[in-house]
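Got a structure for you, written out below as structure tokens; questions coming shortly.
Going by the order they are written in, the chains are A, B, C, D and E; count residues from 1 in each one.
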Amino acid sequence: ACGSDGDDGGGGSPDQPDKVTVGVIPILDVAPIYLGVEKGFFAERDIEVSLETAEGGAAIVPAVVSGQYQFGFSNVVSMLLAHSQGLPIKIVSNGVNSTGVDGEDFAALMVKADSPIETAADLEGKTVAANTLQNIVDTSVRASVREAGGDPSKVKFTALPFPDQPAALANGQVDAVFVVEPFQQAVLAQGGRKIASSYVDAAPDLTVAVYFASQQLLAEDPDLAKRFTEAMAESLSYADSHPDEARQIIGTYTEIAPEVIEQLTLPKWPAEVNRESVQTLADLALEDGLLPEEADVEALLP
Amino acid sequence: MTVLRRVVLALGLPVVLVAAWWFASAGSTDFYFPPLATIVEVFPETWFGSRLTDDVLPSLARLGIGYAAALLLGVALGIVIGSNRWVRATTEPLLEFLRAIPPPVLVPILILVAGIGDTMKVLVIVSGCLWPVLLNTVEGVRSVDDVLADTCRTYRIRGRLRWWHLVVRSASPQIVTGARQALSVGIILMVISEMFAANSGLGYSVIQFKDGFQIPQMWSGVILLGLLGVLLSVLFRLVEHRVLSWYHGSRTASEEP
Amino acid sequence: MLAVNGLSKVYTGRGRRVEAIGDLTFTVEGGSFVCVVGPSGCGKTTLLRCCAGLLPPTSGTVALSGAPVTGPPDGLAVVFQEYGRSLFPWLRVADNVDLPLRAAGVARAERRDLVTEALDAVGLGDAHQAYPWQLSGGMQQRVAIARAIAYQPRVLLMDEPFAAVDAQTRADLEDLIRSVWQRLGVTLVFVTHDIDEAVYLSQRVIMLTASPTRVADDLVIDLPAERDQLTTRSDPRFTELRGLVYAQIQKAKLEGRTR
Amino acid sequence: MLAVNGLSKVYTGRGRRVEAIGDLTFTVEGGSFVCVVGPSGCGKTTLLRCCAGLLPPTSGTVALSGAPVTGPPDGLAVVFQEYGRSLFPWLRVADNVDLPLRAAGVARAERRDLVTEALDAVGLGDAHQAYPWQLSGGMQQRVAIARAIAYQPRVLLMDEPFAAVDAQTRADLEDLIRSVWQRLGVTLVFVTHDIDEAVYLSQRVIMLTASPTRVADDLVIDLPAERDQLTTRSDPRFTELRGLVYAQIQKAKLEGRTR
Amino acid sequence: MRLVLGLAGLLGFGVLLELAPRIGLVSERYAPPTSTILTTLAEQAGEARFWTAVLDTTRTWLLGLAIAVLLGVLAGIALGSVPIVRAATSSTIEFLRPIPSVALIPLVVVLYGPTVTSTLVLVVYAAFWQVLVQVLHGVADIDPVAHDTARSYRLGRLARVRYLVWPTALPYVVTGVRLAATVALILTITGELVIGPPGLGQEIAIARTSGAVPAMYALIVVTGLFGVVANVMTRAAERRALHWHPSMRTEVPA
């Protein structure tokens, strides 16, 4: 199902849809594209999408760059990092945004029920688990700490995949975790408490993740990229306005228990990338030392 | 073999390969395959600063502890399992079961048990290094020469003397094979252990470079791991030559001096 | 006293069934020197291994001083036919001889004396520090003999212990073994292919048939206890006994062939 | 023709320096039967291994039919003193004998005949399917002999090949080897510790001193070519030659001791 | 008898894991008891998707293992039998061995895409060394007398490999195959987990990112069972191929 035959650059003939492979992560963030494929938004635009899942960016980014995938899903900070290192990529569509509502986001900074930690500022000298370090999660958490009046440089981070975080928190191996759905529900279920919605703290209506393509593809087949962007936009809007259908489709590509799916806080899926939030993230990343120099955000954005 | 000849043999192929790499990659614009010159350029700044003391040395310490523990445990278990077929029959399927569990899914379980500190990382290293040592020890113990075993029985050489002078010594060529396997496995698991619940370490740095798209730095890390492997294998050989001098002597006795 | 009673041993396994020992019954008095002779492959090694408690018999029993032998009994030493494989290649010659003594808990100083003495006795006084695989076949065999002697066993089983040494050394070792036997009063069972040697050494020669093995004859060697290579071997009684053994073996062989 | 010229061999390594062979020079005519005797550890095995091209000499040369020996030459077979270790434990007896023939590219039918014949000749006609480790020591040694015979070598080196077999079998094997030698015209170098055997078998006996080894004496055995166990051994000339060899060995031994 | 004992061992472990969460030693949520895992496994086994994944993984695993063993044995014998080649390559081998496959993932993906081929490359890379090192040591274990025998009878290079080197190295090779089998399995799963071609690893990834703990453990149990089956197979092969070996002589009762 690999789309190595899709990068012929010539575009599809009217009766021959473009075969496109998109690398995604099997989490709820990508519900719109699954929904869009099901609803035929891509087929309408002569795109035949096959979705390939991988555990994270480790495989998706190189696969897009080498042309094995035409598009990929990745968080914004990874994009900024890759771009700053000179990786020839470009964002083509929005992916997923925070809800923008403090305390009601799809991700949260959480502590144990009986933890003395009340606000993000109390995290000074404490250990916080993040799925990856030097990336969007710790950048956002630092933003929360800063906003709460603490010194982010005094917070210790440790890398721990989301699935392992609830247990680590319960066993007291870390003081706080930053989890996304469905693990937010897991932590809530074990009595955990939200102390901040870091994605909300980082920037209003933060664009967390996006869909991207290689610059080579954009140069060779701009039409395909345009059609993909349009289809994505439609998918995003549809998912955003039909949360029940989104929940339903999540059940098809994940193993999340049905009763948990019902409780999930869904993210926002605006059709457009929130450019300011990307710039804010770039600034934060620069401030936290993730980026060596000012990022050229405009070159990365569509 | 003269010293010179030895050095030429040890360095010949690497020099050729490095030269080939150097010229083949010169002027490469491929993001993931930068010129070797670039990698060499970033190497010192990447590794010789504070990273050496903050990341590399602690990792090596964990590697050393984990490796030593695996060696002891592997040999001890291997002797018990290898010398008793009932124990072997009982434990083998279970051990094979555990052996097949990949570290990425094993680590979370270890975190449950051992937390996220150094203990867990050492355990991860042990969990990988153990198997080559264990399997080889079991096989080594099983193939003890029967005339020697009978000799021990008749002379009533028992207990500690028997374990050491019959079982361990006669299995030692195979144990050494396992230990050699475990050496590189240990380095690999050192990296893997630092993929979880870490914020420093040699392996962590390499993974971080990979995830941060700092590809020349990542390559330099890979090279460092390889050099580490070479260095440790040289140390290993020194020890081996002492421990197995009887073995190498008896195997080459008939060969040209 | 070593009592072998109705012993039989059948090897099965890998499609080969060999009745190595048919039915053997004999006793060896405590402190006596018995030689066992018999055709190649007749089960002498098998017999010794059963006596040493290394091999469970298919039927019959072996008893030492009245106690049935199920595992190697205390104070027993064996010189194996596969002398090369019975030495520890990772131990130097002196340590090979020393190891059983250490296991027996002999004090260090005494051990050193015993080891030196035994190695000197077999003519390897200068090979203490060599590894077994640096030695010639005959030297290895002598190390195995030295180990047995140094151990000062009550029962000593020797399986063709002089097969790899030259005539002169052999004669020396024969005298050595006899003197050790006389000095320590050990019960000695000695397998050999050399009829002269059997007669020269022992008080009694047990001759075995080809397999399935039985006792073909059991001959008391009534030569004087004081023996030496020159006079004993030229004793007419020696020649006579030798002839008897030879004839008996010929007979057993012929019988084996016609059967 | 096998020419040994100024051969010397010093073993070094692991802190032990042994001058195994001091200085040996002799030639063996093509098609002749030479026995080598010498005290245990004097370097007989070392000598054979140098002749077989398995061990590079420290100095001196070995030449076969004029060509210097650097590796095992064509048409050479060796019966090793460590017969047990020279048999492949993973091959059945018949396959062990068969293997060199296969390597030499002998046709299958012929190979089968050669193997059967050789195993019958050494009295192991019923052990084709056994593994070496299922055999007694003497039987293993006979397999090694059968392998060498079946190979029909031009040069045959035998290192104490009858050490583990009983007197009767030994006599049979002696006659077998002599008949093979006569039939094939092979050049035979035979190491033994048995002086009678050396005299009975060979055309010439080379006696070696203790190490550092030299040729102590070189004795032509002028017994008639037709020999048999009874008449030859009772031939007065046989007794005389035997005495000569014995005396020479005694002398070498004494010299070695006083040195 | 062996079978019974082996099952008893597994069963004992299962009971242990059943009890640990039940008596509150670990949280049931993150370490579900054996019964829950097995129930989930039974449910999964009813789905076609599960079997497709099992099949996919088996295919990659066996193919990778076969390639690694073949290459490892060939290279091991070739390098091991010529001392000078062995000396010349050893530093390079020691350099390459400790390079972790996880670090190579992006590079492999760039070259071969996020496909089965990429996983295969990782599998072969990791398993190859296990076999190679075993074979190298096995080849060095040749008995000098047996070696001299082969030389003096002028066994050709091939015959020597076939009749001397190979049987001597075989016990080491078997251990190498046993090691490589699980390493290959681990890398197959890891590859599927991280890179994403279909198979058990991907199922585990989905279960993991969905927080479906019992489902994840059920899949891990399957992985473990793979290991057990692999061992049963190598042991059976070993009993046939190594019946002559001292370690086996006592195994087959007389």
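Here are a few things to note about the model shown:
Just so we're on the same page, a contact is a pair of C-beta atoms (placed from the backbone, for glycine too) under 8 Å apart; a residue touches a chain by one contact, two chains touch by 3 or more.
Nothing here was measured: the structure is a model prediction, and the numbers come from that model.
Under the touch definition stated at the top, subunit C and subunit E share these contacting partners: B, D.
No other pair of chains has as many C-beta pairs in contact as B-E.
Among the remaining chains, the Cα-based centre furthest from that of subunit C is the centre of A. Note on chain placement: the centre of subunit B and the centre of subunit C lie 48 Å apart, centres being C-alpha means. Centroids of subunit C and subunit D (each the mean of its C-alpha atoms) stand 26 Å apart. A separation of 83 Å divides the Cα centre of subunit A from that of subunit C.
The set of subunit D residues that touch two or more partner chains comprises 13-14, 49, 54, 82, 85, 131. Shown for subunit B are the residues that touch two or more other chains, namely 32, 112, 145, 195, 210, 215, 249-250, 253-254.
Residue positions of subunit A touching 2 or more other chains, listed in rising order: 58, 61-62, 65-66, 161, 163, 167, 171. On the subunit D side of its complex with subunit B, the touching residues are 12-14, 49, 54-56. Note for the complex: subunit E touches subunit D at residues 143, 145-146, 148-149, 151-156, 159, 163-164, 167, 244-245, 249. Every residue of subunit E that touches subunit B in the complex is listed here, in rising order: 1-2, 5-10, 12-13, 26-27, 30-31, 84, 87-92, 94-107, 110, 126, 129-130, 133-134, 137, 140-142, 144-145, 147-148, 171-172, 174-175, 178-179, 182, 185-187, 189-190, 193-194, 201, 204, 208, 216, 220, 223-228, 230-232, 245-247, 249-251. The part of subunit B that touches subunit A in the complex is made up of residues 31-32, 107-108, 111-112, 115-116, 195-199, 204, 208, 210-215. Across the complex, subunit D is touched by residues 11, 13-16, 18, 37-41, 43-45, 81-82, 84-85, 129-131, 134-139, 142, 160, 163-170, 193-195, 246, 249-250, 253 of subunit C.
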